[in-house]
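First the structure, in the form of structure tokens, and then the observations on it.
The chains carry the letters A, B, C and D, assigned in the order they are written, with residues numbered from 1 in each.
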């Protein structure tokens, strides 16, 4: 396959942290498909220094932005448009962090200030980003916005904690803003509900490896990898999927449509 | 029908404001079915003085509680158990308020501090309340918790604004906490997705009456009234529905299952 | 609870086979709640003779009807209205049989003639029954029609085979006819998606007991029993639920909203 | 975009009738993307002679097959593998016909023999086709199977009649067989739920043009065209979407996520 699906397109990728991140793979794959991009993450994440390596490799400016700060997001869109020489065709939001999970607070003993911080970082940041882009008219006509989510937004995985609630909120923002962006600029907004993926974020969750194995067995195709997710993001950023909007798309090897897989009983 | 479906049961009803409120009707209907209840609302709502009238009529203590304050909620459960003489069998959460909608801020120009306040009042209050009840072991075995929600959590109704996102979050809390409550105490947690209803809260929304008419025509049975919602809540609080949990139940005359109703084209 | 929720109501119960059948329990519970009913099943099922015992106990006429014969169904409604002295307030459809599963044909090696027979018995029978009732104007205003279904209609349980497809079709008939019945007569049509239940029908499925245990552990409240299903049917036949229509209602202890239950990993 | 997303892939396209057919556009687009294909339709459709023109243009053998005949389907796969020189990478099922709708029988007065024929043509044909392909091991590893469907499978559009029920059944077959194909051969099976589209099939439905306009206004991006559907099919046949399976994918400009669009009230 010698496709150049994103030739001439300009994008912003949020949330690449290291070479296990889904966002990292998406950035690489988009550039392979001919896109020009900028990379962004929180100042504290940039200080680790690894993203700069990716930026150099992909010839992609790295722009610090705290996704809970509208000012930072405004600056990010301004700088991205300036660096890429025009409006933005696609955006990936891959940001999530649960304070209560990280601090090992039980769901039934949540600190509600921390919960609000979790929602701000993991979900409201998506609304903020879209609002900034909307007000700046920063998205090109027929652009594509994606956020990564997880099936805990629909079904309970107890160890996932309040992040489930944050993902429900995130998916709702995709629908709500999808209406406004679609009507105004033909921009589509979707979420990809990805298999559990071995990344720094994923492995922070209690019982992650048991859970990864469970999903692997439950899914007829097995768990989708970060690389495969990057391929799917390219499809969703390309012009082949212009009329798909306000959807939550399961990229999970069939997990979401399984009730029970006999493979779980064998072992 | 001479049923006494809630005889011997004790409940707490959040959110009665005036005699148009769904919570008001639920309170009346629960008492008709033999329950003893307490009523609660925010201090500012109590100052209007109408709820006291309902409290007297139903012989139901009225207890002020700001649903965004864990301390107030702790006090509410303590006082309710004391007044009713035991653990709580059922709770209705009927609380919602959007600051951005009230202040006529467009969804694409949201004030994010206000949005966080909206989420706290309309959704996190539900988590707070369940957490307080859980930690106090205040719910009786096989108890039933309900929150009122709206189909904007699944589909976009632009005028509903950020309240759609708050309702998505609320429904997620029902699922997430429903797991913990079910496992621990056989308590079920569900949300009722009610037709648009002419209440003080509903009529604050822009274009409410056009929208009410639209839903009325779309729904094969018409819109469900507040009185009918109260009947359904009684069924969901009764022992007839013990195994229904972590569900979002549409009480909407069929609206949610309609794609198009030819009645909309006639006029 | 001394409720008489169905006092004065007339109903038809399809599918009672023996005292483990859900329909059997529903029949008993409806009569306890004051209803008068008729019982029906296929001639071959009646020949077993057990249903007559139930009929005598409940003072309920037993009327043979092949649910794949419109003529039999016409006769059933005529005789029921005559025996009960008026229009029918509620109907339970609890009929399902998979020829390919029974004959141990793999899903990937289905006999399509048998599949059509499965669909006719398990799903089209529901459409036939509603059509006959509709044309005869046999349902009372604000009546309630229920069919029992299973979550295999939404998610794959491989051993359930083509019955999954039959249940999807059944649920679609509920929605489609629910529109017509709702508009015409305020009659509501819903399906109840019940936990796996130990009945003659259930136990015919390969691997049923492993599966029953799996669902028991997955569900925060455990599996719903046939008795509990009967309670829920009473609620859905009663006037408390008049505005719920065209819905698929999970009565499953929370199974449908679980992604993974840590209880599955312990053993 | 100079993509060759399907280079080296072999496919079978069911259901092209004339140049308005979605299947016709899909065939053209797949060949543009480098695929080799065969075309198939019922003998009676081939007699119209237009498909041969398409076949010549695309260098695609046209093979007659009645999709309700397992023998014809066996022959189709044999001939296709022989003509294309190997196993099949992708299949499009675009077949649907309602006898009752065509003969203007009301849904509440359905002829059930006709209904069974409708289900056989529109849904069971999909199971038959997959079963034949499965048994012949005719699909290549990581192949992709698609069927076209419509949102009437989830929500009621009264004029769509029994076709709604047929589409529910079709979507269930996709899930059920998707498990078997995924486990066995990494083949994915999905359905695309397409906007109402002006084709010969679509325009046969009563009130189609009002309905088309309604959906056009309801959808933030407007209705998806047949050409856009062809693009989306290419994405779903390509290797970019390997881990998406057992899903129903809305390709509808956002229609499915809208509750009400204010644009409907303006006119």
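Here is the rule we use: a contact is a pair of C-beta atoms (placed from the backbone, for glycine too) under 8 Å apart; a residue touches a chain by one contact, two chains touch by 3 or more.
Computed from a predicted model, the values in this text were never measured in an experiment.
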{"item": "Neighbouring chains shared between subunit A and subunit B, ordered by label", "value": "C, D"}
{"item": "Higher-contact pair (C-beta pairs counted), C-D versus B-C", "value": "B-C"}
{"item": "Self-contact between copies subunit A and subunit C, residue sets same or different by half", "value": "same"}
{"item": "Longest centre-to-centre distance from subunit C, chain (CA-based)", "value": "A"}
{"item": "Interchain centroid distance [CA atoms averaged], subunit B/subunit C, Å", "value": "31"}
{"item": "Rounded Å distance between subunit A and subunit C, as computed from the means of their C-alpha atoms", "value": "43"}
{"item": "Multi-chain contact residues (two or more partners), subunit A", "value": "155-156, 158, 175, 178-179, 246, 257-258, 261"}
{"item": "Residues of subunit D that touch subunit B when the two form their complex", "value": "151-152, 154-159, 207, 210-211, 214, 257-262, 264-265"}
{"item": "Subunit A-touching residues of subunit B, taken from the complex the two chains share", "value": "70, 107-110, 112, 115-116, 119-120, 124, 127-128, 131, 134-135, 153, 155-156, 158, 161-162, 164-165, 167-169, 171-173, 175-180, 246"}
{"item": "Parts of subunit D lying in touch with subunit A, wherever the complex brings them together", "value": "1-5, 7, 175, 178-179, 181-183, 186, 188, 195, 219-221, 224-225, 228-229, 231-232, 234-235, 238-247, 249-254, 256-258, 261, 263"}
